[in-house]
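Chain naming follows the written order as A, B, C and D, and within any one chain the residues start at number 1.
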Amino acid sequence: MRYSAFRIFREGLTGNKGWKPVWREPDPKPEYDIVIVGGGGHGLATAYYLAKEFGMRNIAVLEKGWIGSGNIGRNTTIIRSNYLLPGNEPFYEFSLRLWEGLEQDFNYNAMVSQRSILNLIHTDAQRDAFVRRGNAMILAGADAELADADQLRAELPFLDFDNARFPIKGGLYQRRGGTVRHDAVAWGYARGADSRGVDIIQNCEVTGFDIENGRCTGVQTSRGAIRARKVAVCVAGSSSRVMEKAGMRLPIESHVLQAFVTEGLKPVIPGVITFGAGHFYVSQSDKGGLVFGGDLDGYNSYAQRGNLPVVEDVAEGGMAIMPMIGRARLLRSWGGIMDMSMDGSPFIDKTGIDGLYFNGGWCYGGFKATPASGFCYAHLLARDEPHPTATQMRLDRFISGNLIDEKGMGNQPNLH
Amino acid sequence: MIINHPLLGPRDAAEFIYLGDAALIDRPDWQAEDAMQQFHDYAYLRDNPAGPHRELWYHEQGDRSWLVVTRDTTTHEITDVQMARDVARSRGRDK
Amino acid sequence: MTQKNRISGGQIDRTRTVAFTFNGKRMAGHPGDTLASALLANGQRLVGRSFKYHRPRGILTAGSEEPNALVELRSGAQQEPNTRATTVELFDGLAANSQNHRGPLEFDLMALTDLMSPFLSAGFYYKTFMWPRAFWEKLYEPVIRASAGLGRLSMQDDPDSYDKGFIHCDLLVIGAGPAGLSAALAAGRAGARVVLADEDFTPGGRLNAETHAVDDMAGADWAAQAVAELAAMDNVRLMPRTTVYGAYDHGTYGALERCTDHLSDAGGKPRQVLWRIYSKRAVLAAGATERPIAFGNNDRPGIMLAGAVRTYANRFGVTPGQEVAVFTNNDDGWRTAADLLARGVAVPAVIDTRDAPAPIDLPGIRHVRNAAVMDTVGRKGLKSITLTDGQVIPADTLAVSGGWNPNVHLTCHQRGRPEWRDDLNAFVPGASLPAGMAVAGAANGALTLAAALAEGQAAANAQIEALGFTPAKTDAPRAEDEPSTCSAFWHVRESRKRAWLDQQNDVTVKDVKLSYREGFRSVEHLKRYTTLGMATDQGKTANIPALAIMAECTGKTIPETGTTIFRPPYTPIPLGALAGRARGTDFRPYRLTPSHNWATENGATFVEVGNWLRAQWFARPGEKGWRDSVDREVEMTRNSVGICDVTTLGKIDIQGRDAAEFLNKVYANGFAKLPVGKVRYGLMLREDGIAYDDGTTARMSENHFVMTTTTANAVLVFRRLEFARQCLWPNMDVHLISTTDGWAQFAVAGPNARNLLRKVVDESHDISNEAFPFMACSEITVCGGMPARLFRISFSGELAYEIAVPARYGNSMMDVLIEAGREFNATPYGTEALGVMRIEKGHAAGPELNGQTTAHNLGMGRMVSQKKECIGNVLSQRPDMIRDDAVKLVGVRPVNRAEPLTAGSHFVNRGETASTETDQGWMTSVAYSPSLGHSVGLGFIRRGDERMGEIVRAVNPLKGGETEVEIVSAHFIDPEGERLRA
Amino acid sequence: MPDYTLISTPPLAGYDKIFGTTRLHAPADLAIVSIALPLGAEDAALKAVKSAYGAALPEPGRSTLTKEGARLVRLGSDQAFVIFTHATPDAERAVATRLKGTAYTTDQTDVWTGLEITGPDSRTVLERICPVDLHRDAFAEGDAARTVMEHLGALIVRTGEDTFLLLSASSSANSFLHAVETSIRNTS
């Protein structure tokens, strides 16, 4: 069913009785060409692009709970491609370009809103680092713009320019950055994949992998065994737990990242703003809530909840740069489990086991990567070679020494 | 979170800095044949269980001691806390 | 406006009158009123507009679960949007305005959307606004955003102050209703340290809202007496106006105390205090929340929850209307009729969905059995109700009771799931509670007063007994155990009109059914697709009925359908309170160097370096800009002598029999054989082989070393050293302690450095080049016996020393050095000149040691010993980290010497177009070199060390423009190092 | 006679204020020397401390006041502070001589700045910034704890019925004082 204003009008006149389910609820078939483990954003996107771009149809997406119940359903909805390193920047710029045509592509309004992202600069050394980054972005075909304090004062008068502990000296803009309605991304990809014949199977937990002499031939699930030519794991947040069933140890730790939203407010903040001398980033949703976050809690956790010190640290960062939000109220906080990799960058790679593929280690950058991650994973699955923008996202880079460490924090996951 | 320090009693985890898997105590032998592989595994392949986890915390805003805390990563329940130096010795760290 | 709905009774102070305004209209109330009770007393029924359809809305509840009566409280910078009128304590001069409407509240232009509602069903926006693409940001979204949102922020800095604090207790009791009071009494009498917190300003909970008796006195009086007893115990801390909003790990709770919100003027005191409560045990006695029944047009002003109507009548002496009909599916609803009749309020009818006799005998009451309300009339205020049998009953108020939901929220904050109880048709706390928590009273499903009182006491006794206290042997307070039955009746099927579930977000029964039809059947999908329960009330009154309807659709039971996860906070918390004092210049502490006062008096401009403030340069009269000052400071230093406060560098005192061997393990280069009285440059690697920090370490005596680190890494290096000491080499005799703040340290650099120091250092110490050569160190005395330390090290490349005295003498020392240097025209210099000179000398610093570069990149690969055990040397040899084509640190200078350089530029070969593929490296640091008369830069360039003399382009598309630069040695000044050995 | 003399200007020198019933002041000439117990030779060091000060080094988290008025604070298993009144900049030597080389000593005098708060409301004041439980029964006289207050590391010692000695880094002394004064104002 194609969505349009006309369809809404027609349905409105007939009591909205004609709307059809956005996806089927099929039972699993005994065998598929490709079984994707994980019905989150990346898994659904992978299925969508496999079907749409690589002409594959016999695909199943297995989801333990309800689709979109992972980090696509619990993030701060930011999209951007303001990365530094050649192992990352072209990939994220590819992702941003996919975002730019996404809604028309899958006929679903995910509210891709390129309202800009701004990284505030507080010291000269920070400016030099952001100039290097901005230039790296432009060299990779992305957009970047350096703003000085006067320009920011004019554009964002509510920032604390006069009484700040760490004065704002400028900022690096990416105007094409912004936000997206996160749940809608999962639903749009699911709808697009389903309509192309992909079986999306909810409440189907993978309990094991069938591995015979070094080759993966299928999965055991809570709804029975499913054979597959290729098994594609895509379960960021649970990667270690799932790959353990295949006997693999990963350079990944699971950490909780809290996110927050305030009560609905009339428009206050135009784009995405991030603090450069503390942990705070914020945007405003179309519904009016200020959506914000900060640092990881910092300890390994699968609990999907955090603790008070980080809540306070984030609020302190917010009040430090925009003291006008003091009377806005925190409405809800939640925690997502991040696949924190050892250098802060992800993996899209084959594994040591034939037919078993791995996508994960997204840290807290996974949402913005959703389209490119799906596209590049689909490319790897269909062609058995990495997509040109994802050639460095390999599992063996720690033994070779080809690290992709954006923050320069080393093998310390909770600092990335 | 509250960490029950073996010497100082219950303290807010905010006084501590988290490092990770207590296996970071078991630093490999730099002269081993496969030292490179061993150091790779040591530095990059850490335990990440959904359940009890032995992990290193540093009491930076306290007595500067490193602790080995056994904490369940699904409930955050802490069942054991030891001085890391004692653990290191018991694991036969030379010198 | 007169208080036309004020009736007898209540716990308000009628001897005093409080004046306030709503939408500018003058009204009066009494101390003890909430804004809501005062509005009702004044007959103000229409108080707000709904989020999506802008429907006229009145007051639904009498508590923090209120979805409709949201106002902008106060004005100017203190304007507080989305404030629940039902929890605002009335104060003199209170000013409140309704929100989320265009034009006056009574004639909201946006109400047009209500007529469009057929086309605005759940999730409609996912299906349109896609064409043309460019229109989203430019047209659709701005329109959506402007109409969305609720209240307005003032856009001015929050003028009030906030504070935080820590409270420790044996037992935290959450909620001061019957269960909570009886719990606190039990624990308090047993001598435990008790905290009793309640969100209301008058403790007592439902005791203040009902007419039940306890121990033969009115419930409210009993509550007051209990509070008095508790207040008299010094082991009990009573915290009214305090919401315990979150249950965190290991018995830690977050609580918000509203200190001055109920006053016209805060008097300079913090508005609110955010408490972290460390409890050994807790009793949750949060009570229950009544839920409505969904029927056609059930959202009109005048339609309220039955329990709330009782609260207004019994506690505030207010009736919401003159003719109050009751619609109930349970016995409790009948109490509303009884209480109103007792106060002389007309009750035209009680409509009970059950086909059963009246549970309470109310003479002459019109009891409509086995019926329901199907529709209502009265857009801006209820006029009449239409029953399923078609009869129309005039009424200006309808009290609705759909049963009670235990407030299980805090029991779920650690992901525990509630359990369904069929007899209550409600969720009660599940088995997995937060550690140390017990639940009592209505929150636990004990919905009768006697049971609540008994459970509170029992729970508290069990909790404190586990802590070793002996409970007092007292009986639980007595109260009648009024039976109450409730039927599972969620919505009126006969209703054709829209029936509201989430009144704030305008989610109706139809929307839930649509959500089902489109496949959004998991409760989380329902919530996210329809926005059910996402409003400021978090669906406290809406979620369960909606769940019930989804269960009907799917043919599952309600527990099978599930419940959404409750997350902190229980009620919304201002960001100002969460931040506390940390804002403005108080965001983080300031660290000042020992000579800060001297610098201030001598025209320094300061710069933040971490939390430190350092002198950046010292402007002199006549200098037109910072460049003038910096160039002068560099020239004077290189030509004669300059002085710089370098106290911020980390200093670590290292002692022990194994100290030398320890240093040999933590530094990549050798330290075992460093002689006493010598200093050595040391490079530290991370275990992953990346260059981490550098500095010098001096051997003061056989077992005593003094290490310096970079300012930025002082704390982290100390942490890593402790890790190495305790975890890696636990049997070494090594001891570490930071002395960063203890010594005021000054760099004295320049050809005249020695001549200057000779005037300060006591003569007993020979500091001639022979006796005290480059890289020497010694404990000395200055100015006649003052203990000091002298290091002959140079960051500037000049003949230079660093001299340290106890910090308390630092400000004076700066004076002395300048004074003694007057004959040499000595100059103080700041971090800018320091930076210029280190770039001229080619020393790596922060921009080069950024955590991404190796010793190999820095040209220090040979320093990394492979002949000893040390941190990082193994992994530093990974193939991709020692490639020949890796970037190498070099110097660059503009081909056209007049051109400036920009740090952050990327290097591209001549004739190649700049792209990720052709990227040759980047410029890390730049400076104008007054010594050379042109700009110089440091940077990493692929194979840079093999490309000396080659010309590449430094491109900077971000700012536009590019510069041709020549690759040269990074040592622009004195490459042979003759000066520093002079 | 040297041409130049150095003047001592420690932060908060001479600070002494009364707020209602609360007195906050910076003790004059507060000297601090750290003692580290050599690995394997702890007993000798402990013995030396006892004979030098007539009091045994207490357990971690505790402090003892010696007859001559020096306070021995045990910070951890192998580290302690001696806090005493001493005007000249040679406190470390004074302690080292007494311990006769049985322990490693480092002068900490200028690393820290001291504030003493006293009065019946001192706990109400400190409760706003100090995460440690300072209840009479939970934090007895002589108890000592290193913790963090308003982003600043601090050492708190209960030196009397309602009296607490607070030590924090000397470079951030003004910010620390500001934090304590703000607590007093907010709770008065």
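Following the convention adopted for this analysis, a residue touches a chain if its C-beta (ideal position, glycine included) is under 8 Å from a C-beta of that chain, and two chains touch if they have at least 3 such contacts.
For clarity, every value in this text was computed on a predicted model and none was experimentally measured.
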Result of counting contacting C-beta pairs for C-D and A-C, higher pair: A-C
Chain A-chain C separation of Cα centroids, rounded to whole Å: 22
Rounded Å distance between chain A and chain D, as computed from the means of their C-alpha atoms: 49
Separation of chain C from chain D, taking each centre as the mean of its C-alpha atoms, in whole Å: 32
Centre-to-centre distance between chain C and chain B (centres being mean Cα positions), rounded to whole Å: 28
Junction residues of chain C, two or more chains touched: 164, 248-249, 252, 276, 278, 414, 582, 586, 588, 687-688, 731-732, 875, 878
Touching two or more other chains - residue numbers and ranges from chain D: 79, 131-132
Set of chain B residues in contact with two or more other chains: 1, 12, 14, 19, 36, 40, 43, 64-65, 75-76, 83
Pairwise touch network: line, ring, star, complete, or other: other
Of chain A, residues touching chain B in the complex: 240-241, 249-254, 298-303, 307, 309, 342, 398-399, 411-414
Residues of chain A that touch chain C when the two form their complex: 3-5, 7-9, 11-13, 15-16, 19-23, 25, 65-66, 68-69, 73, 86, 89-90, 100-101, 103-104, 107-115, 122-125, 127-136, 138-141, 144-146, 158, 160, 163-167, 181, 183-184, 187-188, 202, 262-268, 278, 284, 286-288, 303-305, 307-308, 311-312, 314-316, 318-320, 323-334, 397, 399-403, 405, 407-411
Chain B residues touching chain C - in the complex, by the definition given at the top: 1-2, 12, 17, 19, 24-25, 27, 30-31, 35-36, 39-40, 42-43, 56, 58, 60, 64-66, 75-78, 83-85, 87-89, 93-95
Interfacial residue positions of chain B with respect to chain A in the complex: 1, 12-14, 18-20, 36-37, 40, 43-46, 48-50, 53, 55, 71, 73-76
Parts of chain D lying in touch with chain C, wherever the complex brings them together: 1-11, 34, 36, 38-40, 78-79, 89-90, 104, 106-112, 127-133, 135, 138, 150-152, 169-172, 174-176, 178-179, 182-183, 186
